[in-house]
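Notes follow once the structure below has been shown.
Chain IDs A, B and C follow the sequence of writing; residue 1 opens each chain.
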Amino acid sequence: MTRVLEVHDLEKNFGGVVAAHDITVNVDAGETIGIIGANGAGKTTFVNMVTGYLPPSAGTIEFLGQNVVGMRPREVTKLGLCRSFQVPQVFLSETVFDNMLVAYGIAERSGWGLLTPLHTEDREQRVDAHLRRYQISDYRDTAAAALPQGVRKLLDIAMATVRNPKLIMLDEPTSGISVEEKFGLMDIIMQALREEETTVMFIEHDMEIVERFVDRVWAFYQGEIICDAPTAAAMVDDKVREFVIGQEYHPAHVEGDADA
Amino acid sequence: MDFELLIVILVDGLVYSSYLFLVAVGLTVIFGVQKVLNVTHGSFYAFGAYLAAYLIGLWSRGGLPDAGGFLLILVSALILGLILGIIIERGLLKFLYDRDEHIVVLATFAAFLVLEDVILLIWGTDPYLAFQPLALLGNSEIAGLIFDNYALTMIALSFVVAYVLWYGLNRTQFGRILLAVIYDREISMAMGINVTKVFLITFIIGTFLGALGGAYHAPIISVQPGIGVEVIVLAFAVVVIGGMGSIPGALIGSIVVGIARAAAVHQLPEIELFVIYGIMALVLIFRPEGLFAPIKARKI
Amino acid sequence: MSRLLDKTFWGLTAGLVFLFLLNFFLEEWMRTIGLQTLARGLVAIGLLVLWRTGMVSFGHALFFGFGAYTVAMMQIAGVNDIFVLLFCGTAVAGLLAVGLGFLLRQYRAIFFALLNMAFSMILYGVLAKVESLGSTDGIGISQVTFAGVKLEGETYRMGLFVVAIVFAYISALAAHWYLKSTLGMMTMAVRENEIRVEYLGYSAEKAIHAKYIISGLLAGMGGVIMAVTVGHVDPDSMVYWPVSGDFVFITILSGTGNVGATFIGALVYELLRTYAFEFAPEIWQLILGGALLLIIMFLPDGLWSIRSEWRNRRAIAKSRSSEDQAAEQGHD
């Protein structure tokens, strides 16, 4: 089993505020990790540090055995660690197709190669295949600004997976999506990521989603991880119930594998 | 350094700062409230200078007492403040508040071009010299050097204006409203402030101040085509240095620019312009908000 | 599909051939207008690239002036060949853009615009006071040679014109192709979402720097052409802030949709300026300013948008008439 991500004693202080403390976790290839916790508990800060957007105050982060502390997001992306955003970060005035095209253009070329034409025939085919995988082909020629929220989220994730990353961190993939659509959306996302053989970690507030898709749960509270356990165990853990999901939550009975 | 030289630089610098302040403060207030970098302000200055010079000329040819010149200066600025202010704000800016900020600047640049020629059409290309108020006040001796009293009153005027503005902004109802709009336009609207009216009044005040700068400066200079072009870019430098939207910033900025220029003129004339824009560039590089950035809302 | 030999390519090539032939029939004043159009148009193309990146510079007269004054300085040093001058003027401006770009690429919005303006005014301040470069009076530019060949009279002007249109053509085409490449599309990407660019694996600042250098090169080239055309360089007509404003004017006038459109906009500007100045010297600024206001208010996407507007109307009219036809037939 390949160790994809290894984090030791990660710390982040903003002046007097401790946003992250004593974070030691790891991820093996193929695992699906769910990150839960109240707002402000440090989940997005964690993602920002791992992807290079924020420098940690202390600690180490190793991705596929390589230290990534001090690297910028673009360098981390190129190594194969990508993320999606809670508010989808796309090029709003451009069509879905053009958004993906730019993503492919940057991924496939570097240096002087970037001066070659963007829209080529085989690149178009790769883009279309990718759109099909995320089931957003119908929206190919729609401007990103005009997309329904769910489709925009899929576009955001699709753009993040252009480089076929080894690990992807999704920041609240179903936030802002209606209850009826959440499961459908996650099914599409997880299916696509399985096909691409990407290890997945995502931040989620909806516990039903967590139970259905996740192998292991990390629960954050006030910058620390208060529980790192398989899903079933995490859902009944005392601390998790006290600080994250509440005492009233009744976990559904989940059999082993999350992706049925 | 030679004491006399120091005094000369100081006084000349302050004279230079004073009319710059009058122009720059109008510019900075308009930017603070409406977020518009108003290139047309250069024309307001020029119009002020021309109208004042012209009226003073008429007045003294009519054999009337020279002291009236001061009244004419004030009247010119008031008239122009109202007329030009309303025309530009209601006739142009009103339609552009939701457009890209660069477009708005370009529109004010276009209006500036138009007004420059309007001045030419009205007053022609010959220079106007309205020295009467200058001559009237005579001169004084400071540390063994002679200075025009008129120029000294201009320094006093700018401090008076600065104080009045400070008082108006911080101690009056309208001032509080202005501060609210500067801080956040949307919230102000939600609070029931008539932002449209505030924009118009602010613009008129700004125009008045720009015109006053020109009008009061007229007796000292030769009023001729091109004075607006020169002053606006200097005023920009002042506003950038002091902080866009900040009145104390405009004061400090104009003093910095004024004294820097005076020092250059008297010591090393080649670097006169270089020094001013060099400071502007340095401020933009190290502290883009300016020396006195006004309160910025932290939007989560 | 992104064909390199697309409509713009053919349009520009047709323009090149047309102008080359027209050169034999032009009167001198027309040629001058053409040359000045090309000079300014080049600067505007650079500004177009920056505009697409979401950035506006109020100080590109800096590079324009650098190009122009490089010609003056090289002529003082005895160099008179147009190709050498073009190369050097462009290169000097480009190097300046490389250097300044490290600083400027960190700025956005109005700060970027003003910082550019500050630097252009610094250059103005220096040039206006330096005696050896003529200070505010400027310096004359003498006639150039064409790879060793000396031309006289009208042939000289014709030769200049040919050089100018060829260089303008190459530059415009290069810019157009550039905008179709991945790096060129970064203009849009950086303008729309810098964070996304970063997370896709590219540096937004590097992208901006590249575009800044391109704009500097083009403006420098324009400055060289203007200097040689007018035969004189001085700070007021080449470096002062309204010159930068006029460049942006041309960019707005043309619209940022198409590189070729920039030359059309530059031509309109040139004609406006020349005729307004000739027939109504007191109001040429008024006309120019008024035109800019009209464009801003009524044609925000520039002259080029007239074309797509017209096309849209025709399309709507066509679909209406076919609807009517269908309705009529349905009725029967």
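Operating definition for what follows: a residue touches a chain if its C-beta (ideal position, glycine included) is under 8 Å from a C-beta of that chain, and two chains touch if they have at least 3 such contacts.
Model, not experiment: these values are computed from the prediction.
Enquirer: I want to compare two interfaces, B-C and A-C. Which one has more contacting C-beta pairs?
Expert: Most C-beta pairs in contact, of the two: B-C.
Enquirer: Based on Cα centres, what is the most central chain?
Expert: Chain nearest the centroid of all protein C-alpha atoms: C.
Enquirer: Which integer distance in Å separates the CA centroid of chain A from that of chain B?
Expert: Going by mean C-alpha positions, chain A sits 54 Å from chain B.
Enquirer: Rounded to a whole Å, what is the gap between the Cα centroids of chain B and chain C?
Expert: 33
Enquirer: Can you compute the centre-to-centre distance for chain A and chain C, using the mean CA position of each chain? Integer Å is fine.
Expert: 44
Enquirer: Give the residues of chain C that touch two or more other chains, as numbers and ranges in rising order.
Expert: Within chain C, no residue contacts more than one other chain.
Enquirer: Using the touch rule from the top, collect the residues of chain A that touch chain C in their complex.
Expert: Within the complex, chain A touches chain C at residues 51, 72-74, 77-78, 82-83, 85, 89-94, 101-103, 105-107, 109, 113-121, 124, 159-160, 162-163.
Enquirer: Which residues of chain B touch chain C in their complex?
Expert: Spelled out, the residues of chain B in touch with chain C are 37, 92, 95-96, 99, 101-103, 105-107, 109-114, 116-118, 120-121, 229, 233, 236-237, 240, 269-278, 280-281, 284-285, 288.
Enquirer: Where on chain C does chain B make contact in their complex?
Expert: 56, 58, 103, 107, 109-111, 113-115, 117-119, 121-122, 124-126, 128-130, 240-242, 245, 248-249, 252, 282-286, 288-290, 292-293, 296-297, 300
Enquirer: Which part of chain C faces chain A closely enough to touch in the complex?
Expert: Residues 1-2, 4, 177-178, 180-186, 188-189, 192-193, 195-203.
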